[in-house]
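First subunit A sits with subunit B, and in the next complex the same chain sits with subunit C.
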Partner chain A sequence: MSTITGQAAGPSAARAVQKKPNIVSRIIKHRADYLYVLPALIVMLVVIAFPIYYTIELSFFRTPPNLQMKDKIWTGLSNYSLVLNSSVFHEVTIQTIIWTLASTVFSFLLGLGAALSLHREFVGRGVLRALLLIPYVISAVAASYVWKWLYHSDFGVIGAISVALGFTDEPINFLDNRQTVLASLIVVNIWKEFSFAMVMLMAGLQTVPDQLHRAAMVDGANTWDRFWHVTFPHLKGVSMVTILLLMVANFNSFIIPFVMTGGGPADASHIWITHIYQLAFGRQQWGAASAYAVILFVVMMTLGYFYVKALTRGDETRQGA
Partner chain B sequence: MTDTTATRIRPVVKKPVDWWRWAGRVFLTFLLLFTVLPMAWMILTSVKSQFAAMQYPPQWWPAEPTLNNYFKLLDPTQRIGQDFLRYFWNSFYVSLLTTILGVVVAVPAAYAFSRFRFPGRNFMFFAVLVRNMFPAVVFLMPLFLLMRWMGLVNTHGSLILTYLTFGLPLSIWLLKGFYDNIPIQLEQAARIDGATRLQAFLLIVMPLSTPGIIATSIFSFIGAWNEYVYAYTFLSRDDQMTLPVGIQRFFTEFATDWPGLMAATFLMSVPVVVMFLVLQKYFVRALTEGAVKH
Partner chain C sequence: MTNLQGRDMRSGAPIRRQVVAYAIAALTTTSLMSTTAYAQSVDLSQWSPDYIKSIAGTETFDTAGHCADVVPLDYTGRLTYWWTGPTEASPQIEHQINDEFWAAWAKTYPNIETDAQNIDYNQLLDRLRTTLLGNAGPMVVRLQILGGVEFASKGYFQELAPEDIGYPTADFWPGAMKSVTWDGVTYGVPTNNETMAMIWNADIFERAGLDPESPPATWDDVVTYSKTIHDKLGISGYGLVARQNAGNTPFRFMPQLWAYGGGALDEAEASPSYQDSYLDNDGAKAALQAAYDMYVRDKSVPTSALTNTQNENQSPFIAGQLAMMIAHPSEYAKMVDLAGQATGADKEVADTVVANMRYGLIPEGPARRAVVFGGSNMHFINEEYVEGGFDEMAAKAFACFWNSPEWSTKLAWTGSNPGNLAGFKTEWMKERLDTIKFLDVTTSMLPSGIPFPVIPEATEIMNIIVPDMLQNALTERMTVDEAAADAAAKVDALLGGGL
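Now for the complex of A and B:
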């Protein structure tokens, strides 16, 4: 797609490049162009710029619990130190890292395996791909309820199967146990999203030229060599984007932990997002929650920088900046 | 592919077992079970009675399958049915409006990003993309206050407005990809023939970008249909709720009716799954567009 951008720049680009007049006259000259973006811009300003500004402002105040924001009290950076120094924050941070990394790595690996296995043409391939994608399409709320029932401590089918197969003597209480809860939720998350990685990588595999494979085969390369030296280098770009998108999505996930456990037992399945939500809407500590959110902003901006960079590889959009 | 043709031409040569291929098959079987079994168990549970579901060890296959749970949910004469159908309608209505408005706003913006070079274009484009990065929860507190100030709390307007923005970045990005692939010469030809810029856009570019519009529409619709966090926070009136929030309210009031809940999750998933299966081609294209160079 990016290859055409330069050509598509068309007459208005040519005009802009001729000489660099000052910014105001350029804006005036292009005023008609802004009409196209205006609706999107207004919506974005109202729903994005304002909340970001307001979150930053609130993070410096102590707010009364009843949401009467005019009674807020300036407290400087104390919200930040409150958040950063609390022991729950450290625990939740570790859980967030485990949740994000484990979900991303396993989803990616399952997706890669599936993409490679599905790359060859065979009967039922399309059906199989569609079936594997269903969890990605259905709502996370539905997924959470289904898995909550599968994990049920008394009547859950997973517990019953592990007893029937002799793994345990009695059904395991997956969700009410500090040791197992996070891993159990990660499984649900992987179930939900591995097929995203699969679809991305399948599309990536189609860009690998067939001739290269044949050439490698003529040269006597075995399957592993062909994967490592031919397929894999071609997948690097897609893999980067996929991993970044998965990381962002996992870092931001909320529904699965919130619906399935609400962060419990004893905060063992909280991640940053659910914790912020609990601080704000559960304990009404809006200031502290805002400070927390600002910290999250900073982390996300760092990830976002790499995301945009990976997404616009070679795109001329950077040139004019 | 090359393997099979080779064996067909020279059937005498006995090929060694391709272990990688077998590994692939085993792996796919495992993945299929991992994916399908939870869904199968959801459906099996939904046709059990409450009594049959609460047994240990579980009935692997329902002894007396019943569709009662579904009848109850779809029966407009009962309280449960009324609520469920209302949630269903609310979800549908909000998702549809979000989708339509999303297309109306995203199409011109994407076109502009693809065709024009105006000052601030890059900044805006990145701002739009970066929106993708932020979690709903971060925007939740200020948006809640904003909606309260605008008097939109407990209305579907608050949801549609928010859903619009988190759908927009992706829609704009996808549509820009489609417009980039439509040669500008087509428009120039139309302009030379006397069409205005708007006419060229409506008559030449729009029809060619239909696949893109379908793809983005599916995304907005599914996104809005499945959304939970905002709906959970903005709506507290029972008759306004959308499905993901509604079914939760509804089944935790008394002891959880698992078969009923499974039936509700099944019904809730049907529209998006059907939509996905019918328009799969567009969906997959939308998902991968932008990350994979064509």
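Now for the complex of A and C:
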């Protein structure tokens, strides 16, 4: 605990008085509080901190299939170099960015549209709201299998309908074509998560004061003006959080591409997580997979930083005031 | 054979006489082992459907009596065992035999406390890897044929040969013994072995103008037949499977690759060295070109082949939308089961398909007729990695019992064949041949079986690199030559210690 006893008086003493106690002092001062949370902290250290440490450690080693893990070979940064210089990594990174941005943007826009539509009173609004929530609550694995059969290149329902209606001569090849597979999976992902954006934005819409809308109408604002100048500014905070959460979820996506295509055909639907999984569990390249995971961890932490900043922006403003 | 259980030992008998008696018994046993038991039970050079039928049911075996020579039946000990046994999807008879086995084991060795865990096929390897890291493995494990070498090379397995549990090595398929050998040392006993066969729908063949009773003789014929069927009937000819990271893909593509003279490495040779990749030789390229011709040029195979496993071929086959595919001996039972579940018009179609199902040899190529040699092996874990220590006698008793001609045959009832070749002479093999349709055909493919390379890198080569090669060519991401060269380079890099 810092002390000001015996310090010189004057401006420096005033600064010292204002200086925040350091973390050790705070822990000692609030030791009882910390003792209460100690068991939880220990559990977190074991289940979160240790795996992170072990993954980072493993990323500096090579793990040939003929050696036990305890005999792993130190290779320094070569796993990082191998991953970052691999052409497949570049391809998968581009696919991951496309997957994340497209899924996030379209899920958000679709969710926003749905939220705005459902914000108004109309007959059957509750039923429609429940229906639109179904994709979000359904199991991702089950949804992936359903969509896999809907898309099936030989016997899929969508392909059969498109042929029956005369749109195409033969069933559309959604999943077995390098050009169409990623877009097809993104559609499934948007379908799965737009409801989440919808729910978040519906909550945000509740905070828009109705008086402002009425005042804007009195001032002659049209629908677009009311949305852009009244509604949207109030949704900025929740939109930021929703977009960040969607981006984090999409960077971490696994189930849909893994179940529907396994990353194929010819790596065209691999994203970072599925590729890491393949390196680790398909190829037993634990070191390279760990390096890959650390890279993804850094990206996620960066996103997490902005997420926390967005969440606490109001707190900082209030503290500053 | 001698059953030690319940033997009445006379008290006060002179020790010298006992020693002499034991010595004579030991010499007699050794003599018998060297003259009879170590002779090969079956003649592999005569292997054919007729030969298999002719030897079935010609001998009887006393399992308990034989195992008593390895470990006394009154031995008291403890055993832990992991394997992949019957699942919910398995036929009822598999569950019944499994129950019978454990009851017989408990009756034969009542003093061996047994903890057996039936673990899902897809989880067993990962679970074993994890527990061995924590020195908490079981004493005995049965793994798929390709699974053991990784653990043997890492030093997790004990040396173990059939002779250690009372059976001659000559009574196991040479290919199977190859799969339990790492660096010249034998680390396991083959429990069961099987090969696949070509299945076709005779009705579709007939409607397409092909001989309904003859499968394509060569892989070139497969390409031609597939195109003919597709062009005439508008359905898929051959059930190509090319999904990434799925074991189904190499099990169906490697026979084609080997037949044309290719290989992942030199595993198809008599004495493979596993040093160089054969994935870019002329034979491998010819096989890849044949797959390309069917998928890209002729479009005569399912478009969904790139995301399909064999499971996805079953529905179109039973619906009469697929003419031929490579499948397990148990595929017939599966189709009968599917037909039983169908209703209305679907039922009529399914019944027609089942009635027209035919099994034949997998086609040959310019170099050979080949099929993947499948199965499972039993291994003993090194003591330091076993939870609670290793009980050698209990493990040997169990391995002897499981791999006996009797149980080796019974435990492979619908899906495989006895690893112990003496099992082919049992009454139970005769019963299998009498009750399981096409078993003689699928069993006769065994001599053409080639095991995957017995190196720790085999899993990655077969499940990742080979399917990648197929996908790169079939999606036209690369030409056939480029895809073959890319795959060969990946194998070389992998063997050289690269990523």
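Note that in this section the second predicted complex is superposed on the first by the 282 of 321 C-alpha atoms of A that agree within 3 Å, B and C clash if a C-alpha of one lies under 4 Å from a C-alpha of the other, contacts with A are read in each partner's own complex, and residues count from 1 in each chain.
Please note the rule applied: a contact is a pair of C-beta atoms (placed from the backbone, for glycine too) under 8 Å apart; a residue touches a chain by one contact, two chains touch by 3 or more.
Note that the coordinates shown come from a computational prediction; the quantities given were computed from them, not determined experimentally.
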For A:Asp154, using the defined touch cut-off, is the partner it touches subunit B, subunit C, both, or neither? Pick first, second, both or neither.
both
Contact-wise, after the overlay, does A:Ile94 reach subunit B, subunit C, both or neither (first, second, both, neither)?
neither
Based on the superposed arrangement, let me know which partner A:Leu110 touches: subunit B (first), subunit C (second), both, or neither?
first
Looking at the overlay, does A:Val163 come into contact with subunit B only (first), subunit C only (second), both, or neither?
first
After lining up the shared chain so the two structures overlap, which partner does A:Ala215 touch, if you call subunit B first and subunit C second: first, second, both or neither?
neither
Go through the superposed model and pick first if A:Phe281 touches only subunit B, second if only subunit C, both, or neither.
both
A:Ala142 contacts which: subunit B (first), subunit C (second), both, neither?
first
Winner on subunit A touched-residue count between subunit B and subunit C: chain B
I'd like to know which partner A:Leu77 touches here: subunit B for first, subunit C for second, both or neither.
neither
Of the residues on subunit A, which ones does subunit B touch that subunit C also touches?
67, 69, 152, 154-155, 171, 281
Applying the document's contact rule, which stretches of subunit B touch subunit A when the two form their complex?
1-2, 18, 20-21, 24-25, 27-28, 31-32, 34-36, 38-39, 41-42, 45, 53-58, 104-106, 108-109, 111-143, 145-146, 148, 161-162, 164-165, 168, 172, 177, 179-181, 183-184, 222, 225-226, 228-229, 233, 243-244, 247-248, 258, 261-262, 265, 268-269, 272-273, 276-277, 280, 283-284, 287-294
Name, in rising order, each residue of subunit A that touches subunit C in their complex.
62, 64-69, 79, 82-83, 86, 148, 152-155, 171, 173, 175-178, 260-268, 278, 281-285, 288
Within the complex, which stretch of subunit A touches subunit B?
1-5, 7-10, 12-13, 16-17, 23, 26-27, 30, 33-37, 39-41, 43-44, 46-48, 50-52, 54-55, 58, 67, 69, 110, 113-114, 116-118, 120-121, 128, 130-135, 137-142, 145-147, 149-150, 152, 154-155, 157, 160, 163-164, 171, 191, 194-196, 199-200, 202-204, 206-207, 213-214, 217, 223-224, 237-238, 241-242, 245, 248, 251-252, 254-255, 259, 273, 276-277, 280-281, 286, 289-290, 293, 296-297, 300-301, 303-304, 307-308, 311, 314, 317-318, 320-321
Subunit A partner contacts - residues on subunit C that touch it in the complex:
126, 133, 150, 153-156, 236, 243-246, 302-307, 315-316, 321, 456-457, 459-460, 463-464, 468, 471-472, 474-475, 477, 497-499
